[in-house]
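First chain written, first letter: the chains are A, B, C and D, and each begins at residue 1.
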Amino acid sequence: MHSPIPDYLQEVLQSCSGDASGHVADYIPELARADPDRRALAVATVDGSAYSIGDDELAFTIQSISKPFAYALAVDDIGLEAVLDKVGVEPSGEAFNELSLEGGTGRPLNPMINAGAIATHQLLDTAHHHAGRHHAEPPAHTAPEHPARTGQVRQRTARALAGLSAFAGRELSIDYAAAQSEYREAHRNFAIAHMLRTYDIITNEPAEAVRGYTDQCAVLVNVSDIARMAATLANNGVHPDTGERVVSARAARQALSVMATCGMYDASGGWLAAIGIPAKSGVSGGIIGVLPGQVGIASFSPRLDSTGNSVQGVEMFRRLSEDMGLHLMSNEQPSNTAVRGIRTITEEGVPISRIRLQGTIRFSGAERVLRSIVEAGSAGRLENRIRIDFSRVESLSGPGARMLGGLLRSLRDNGYDVVVHDPEGLYPYS
Amino acid sequence: MHSPIPDYLQEVLQSCSGDASGHVADYIPELARADPDRRALAVATVDGSAYSIGDDELAFTIQSISKPFAYALAVDDIGLEAVLDKVGVEPSGEAFNELSLEGGTGRPLNPMINAGAIATHQLLDTAHHHAGRHHAEPPAHTAPEHPARTGQVRQRTARALAGLSAFAGRELSIDYAAAQSEYREAHRNFAIAHMLRTYDIITNEPAEAVRGYTDQCAVLVNVSDIARMAATLANNGVHPDTGERVVSARAARQALSVMATCGMYDASGGWLAAIGIPAKSGVSGGIIGVLPGQVGIASFSPRLDSTGNSVQGVEMFRRLSEDMGLHLMSNEQPSNTAVRGIRTITEEGVPISRIRLQGTIRFSGAERVLRSIVEAGSAGRLENRIRIDFSRVESLSGPGARMLGGLLRSLRDNGYDVVVHDPEGLYPYS
Amino acid sequence: MHSPIPDYLQEVLQSCSGDASGHVADYIPELARADPDRRALAVATVDGSAYSIGDDELAFTIQSISKPFAYALAVDDIGLEAVLDKVGVEPSGEAFNELSLEGGTGRPLNPMINAGAIATHQLLDTAHHHAGRHHAEPPAHTAPEHPARTGQVRQRTARALAGLSAFAGRELSIDYAAAQSEYREAHRNFAIAHMLRTYDIITNEPAEAVRGYTDQCAVLVNVSDIARMAATLANNGVHPDTGERVVSARAARQALSVMATCGMYDASGGWLAAIGIPAKSGVSGGIIGVLPGQVGIASFSPRLDSTGNSVQGVEMFRRLSEDMGLHLMSNEQPSNTAVRGIRTITEEGVPISRIRLQGTIRFSGAERVLRSIVEAGSAGRLENRIRIDFSRVESLSGPGARMLGGLLRSLRDNGYDVVVHDPEGLYPYS
Amino acid sequence: MHSPIPDYLQEVLQSCSGDASGHVADYIPELARADPDRRALAVATVDGSAYSIGDDELAFTIQSISKPFAYALAVDDIGLEAVLDKVGVEPSGEAFNELSLEGGTGRPLNPMINAGAIATHQLLDTAHHHAGRHHAEPPAHTAPEHPARTGQVRQRTARALAGLSAFAGRELSIDYAAAQSEYREAHRNFAIAHMLRTYDIITNEPAEAVRGYTDQCAVLVNVSDIARMAATLANNGVHPDTGERVVSARAARQALSVMATCGMYDASGGWLAAIGIPAKSGVSGGIIGVLPGQVGIASFSPRLDSTGNSVQGVEMFRRLSEDMGLHLMSNEQPSNTAVRGIRTITEEGVPISRIRLQGTIRFSGAERVLRSIVEAGSAGRLENRIRIDFSRVESLSGPGARMLGGLLRSLRDNGYDVVVHDPEGLYPYS
């Protein structure tokens, strides 16, 4: 017997394989050589399970999917304020503006467009380069072709590679041949980097900035890797498998927010409305989506539509969102009846109001607890002795705990004798 | 004894009252007369509790806060596709474009800007005008001042008023004097309406479109009303108190999505990143925020900053988001241990694998259930007879139920004898 | 025997009649009814001769060709600075901006676009309404259809009509039926007028602004009229026939400058480079061109290309410019040998240096005169007595006269006895 | 005794020297070192006279003033159509567009902005490199600093330098130190060149394009040089002194047209309206102006206003335009009375109508001649024998000659016996 999940994913993959429209990106040989009919789908949950089907071991260059991860790394490396000084968080709207730089300041509008991603790469702190980790160096004999891969550039690229590897939970590597091809054709990125230099958004050589960013885009991944990377963002910045804190919760939240409003370029509003999953796509054919606190999802199919998104990948996400009710704004979860019951029991002759809580208690659950207890008190149905029983509670969020803490203080201030029964130690304040 | 929640809200209100910067909107006398030092805060949960403090009975005109609600009504009235034909869902980005109309089509970029809101008001179906509900008519003697309030206009306004009232859960009314003042100064809205007519986005008289929209904006509400309206969106379109389904879940989701990407005008990206709550503000000083599935929040303070948002209201939201961990992209909820245990019991001599589920089971919880059972089966730890016990489950989402359904089929296909114990009838398929 | 000019114009008209592409404007019935195969061509010189061929008596509404004339009238009515406060003089470039209003101020970019022309019409000074001239009033019985034709509106329209009539040299009239049709469809102009009101560029009712501007556009003209109107601009603001000063030289120059840079909308740069004649076209099929100091040209053919310019009219202008060398930037005129000779003659025993000037003397000619005399003086070839002979000079420009004045002062300061022989009184200072 | 012109120019220079506002450009040391209080003024006429005063021997780098000249050279080198394929002729309007590239094609809007000038430089035909002319090569020892000065680059630069020298009428040279400084800071130009490469507007290495353009901008000139260069454009492309045809009349006309509409960047419309002289300014402090067929004017003063134009230079042009009536759209020239008289004389007993023409005869003059003769014929005042006397005519333009040719044919067709008396051979057809 086996889990029905792979079967379900297989069905989704199959049902989305019919549309042979779209074309493999062809501006560099490494992308043009992709087999248009390879496809894969992967899901990784925040508690460490992962499923993948199809061509899930096929390696491809990560391209723009690296953007939210590099952004989260930069936020931790130099702090959110310093990052916001250089790169904004607003959608670029219709493509009125050739380069999507903010008028006056030259600040890229957000880190999901190339201008923002190039600027973000420059913000990676080279001090985070782990001396201990040995990544493949670009082969020495290609030196003449790599004019701008200086020490600082290598260190930033090493930081990016180490960071992306930590997000994936395994050592990744760079396809230097693809990076070199891309670098040679990167006219638009060179234009952007020079313009960023004009506005002092970047301060090093523009060619170095393009070199480093191009290397970052050439990190090799498969669909399982990027599903796990997405799950790490979903899981607050902690890798579900390795348990490593890759980025802070604040950095993960910031990256997810920007994916939600800017991740799908000019169509971000339509994507969020229709699919409801913060996402990012790459020109090599991948798409990742993140449902905060739940799962990371990844698709791969290299046929791109006219806006550069994977035709079949978009369909897979649409299907998954509809089938599974994964829309961020949908509220299929019924309300949480956090209070299982309030009952008066007698122990050793003393009447005690036993309040049994249950399930996951977050803000709204805690509010319900408070309300129930306040109502019972007002109705004279509370004994002087109260036992709050957490034994059926599975989890308690920070805000939930703080609100219950306020309740307990209030009860005690009103003269009640409150005891907490919390065998699993969920409640932090007692 | 009383709930600590009002105390907490009071503390938030107090702590945000110090900033006396900003100015009351003054382009019409009705707004200019507002007392700059009134303020209020309200929270309404999806299960019907509501808290409000400060000047929570003060009535003010709803203004732009009406936009997401009218949009949800229009989506239900004529269907999502028909609405998308006339109004887009993309953020307007930097204000490159005087009117924020899509190049070529003239379609307003989204329903949260005035162009989109005026177009949306025209899409309300006058057939939804409830004949039974009697709203105050504009006083007859002012007829000469109301040239454009024809039958169709009245019907659309009536539809808007009835819909907004249903969202609020009580009969609202229109401040016709304020509407008239605003109509007289509505040069920009007239410009927009005429331009929309040029592109056939609206097909009636532009003056009628402005009249109806202006009346919609003059609906009188207090901070409790708009918190409940927000909670209705949070609750899937069903009013938490009245239980009335005001709009479909699809329409509520659509409105929330657009609030998330476009609700705070040019600063929507920054707001979502920093506060993380889909929101909408109005020029009279209100702001609403919605946390899907949890709460609606509303603040009121009429001092506006240069972008037209309430200075103190923004602060209240920032404080609430930080204190309560309400950010949409934050993942404070710990993972859900949906399987309480798998144990072999013996009933009437027959060994049974009893699988006890617990808590709220959504997609990721169901995945964990599946995984546990598959692992147990593979390890030979499952008896031939299996009882799945839902008695400790508080709630089961649709996707969760479907996944469990797939599991049960798979178990039965593999020869297991599966029984469901579901005293509260949560599992729909057994 | 007759002048070969009409034959030449006929040949041009004929040679440009083959292109049956393009379509008659059809947004109002009055324009849609135009016979697409009517065509005409006219030339009027600054000294009063005029030629016209083809359908040169066919009346059509003046439309946008009224713009430069109304602008010149406004410049005289309220002064250039006051006009520049409300309407700019910069080309609108690519159509990035829906309404072509200047960011921040809302000032229309120039008076050749609708926004600028509507604003300009409002600047006409109603005090210039000549009580003595009786123009046809809009028929009284249509009053209900003419809601916005109030006293001020009628006075501004009367000012425009009187001014355009003076430019044409005959009493023109308004096609009120066409004006009414256009008014009913003028959604875009209403949008513009309301937006101008938002920025206080206009201060009266937007509907009045559109009404007046629409009436201005409905003035009936034929191709001879608009050729004479163009010739009046070419002639410094003085009508070549009637001799009436219609506008000041400064106003005529200002209008011509704006025609040169903005007259052909987004293609103004290409038109000036290829054709080299400041021009303005109208949607009814006319085009005027002005060669300052020389001629006004007018074509008529109602088939319009996709940019709204007359297909055959553009061809006629192209042909005329090439054949006749009319390009403003071409310098076919050979240099002027202003000094016919310097010769020593003896009168009554006294040697006199007789300096005979000839032809038209402008800045560069005067410079040559100065140079010749200074050289002769330096070479010791000037007698003490000098006679400057203007009898062969046909004309002397103001700058030329001022430079010669400087020369005479200098000669006299150096002790020469200078006499001016100027039988026709061309030299103003002697 | 001396010419009053230098005195006048001195007075203009003096009167404009008071405004010490503005700042010397400081982005490269070579410009920052300029003495802000040096100033000069020069005028050169199309017939070869030239005046200059102030610091008229001070050498400065030509910068953007090279643009119209390089454009004219490119038009001749590869043809107008080929140039228009790569660079447009429309003003860029308000600076909505960071790079002023045409949407879709990436074609720079016009050759007066940097994008257009960089593209134009690449269009110079290296086959025009005159082997015979030896210009100073960049010093060999600086090779490592000049990575992009390859053979093609040198040849294009040599073409530009030879062309600019021909415009000036003397061998100019390049300040390679200034060029090198500028190249190092040319981030914005690098951005432009890379973007042009993206759109295939340029096809060589972007660094080479910037190198060549930067060298072109570093050509050393003084105010007399640029006045003569301007006069060469005014004179149809023929240098007034050397008599060399530097560019075709068509190329000169094209360059002047673009200067008229785009020469002063975003303020071109205002400049043409106020000053009326097609012009171009450079960041080193120069401005040139051209009055077609008359003069070239040049000013120098390195204090720049916020738009990058020389503060005092603008004032000098304003003063000259007003004093001298140099506005292109002003019509101070009175009409030309081309016919001195028609008189019947008798020679050898035969009555002859002697028609004496005079002055400069262009299109409008020839029209007047035709009209006079046609009128005389119609009135029966023409003898059968006609003598047309050109002895008092100073010059006859091509269009004038063609029109007179038509007249003569017409007269002869009508049976007149027409004789031309043309001692100086002005009339080409007899």
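Criterion: contacts are C-beta pairs under 8 Å (C-beta built on N, C-alpha and C of every residue); 3 or more make two chains touch, one makes a residue touch a chain.
The shown structure was predicted, so the numbers you read here are calculated from the model rather than taken from an experiment.
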Contact-graph separation of chain B and chain D, given in steps at minimum: 2
Required minimum of steps from chain B to chain C, each step between chains that touch: 1
Of all other chains, the one whose Cα centre sits farthest from chain B: D
Cα-centroid distance, chain C relative to chain D, in whole angstrom: 24
Distance from chain D to chain A - Cα centre to Cα centre, in angstrom: 60
Chain A and chain C: spacing of chain centres that average the CA atoms, whole Å: 65
Junction residues of chain D, two or more chains touched: 96-97
Every chain pair in contact, whichever chains are involved: A-B, A-D, B-C, C-D
Interface residues, chain B side, partner chain A - complex: 1-5, 7-8, 45-47, 49, 88-94, 96-97, 102-103, 109-110, 234-236, 249, 252-254, 256-258, 260-262, 266-270, 272-273, 276, 278, 291-295, 323-337, 358-360, 362-364, 367-368, 370-371, 374, 377-378, 392, 394-399, 402-403, 406-407, 409-411, 414
Contact footprint of chain B on chain C as seen in their complex: 96-99, 101, 187-188, 190-195, 197-198, 206
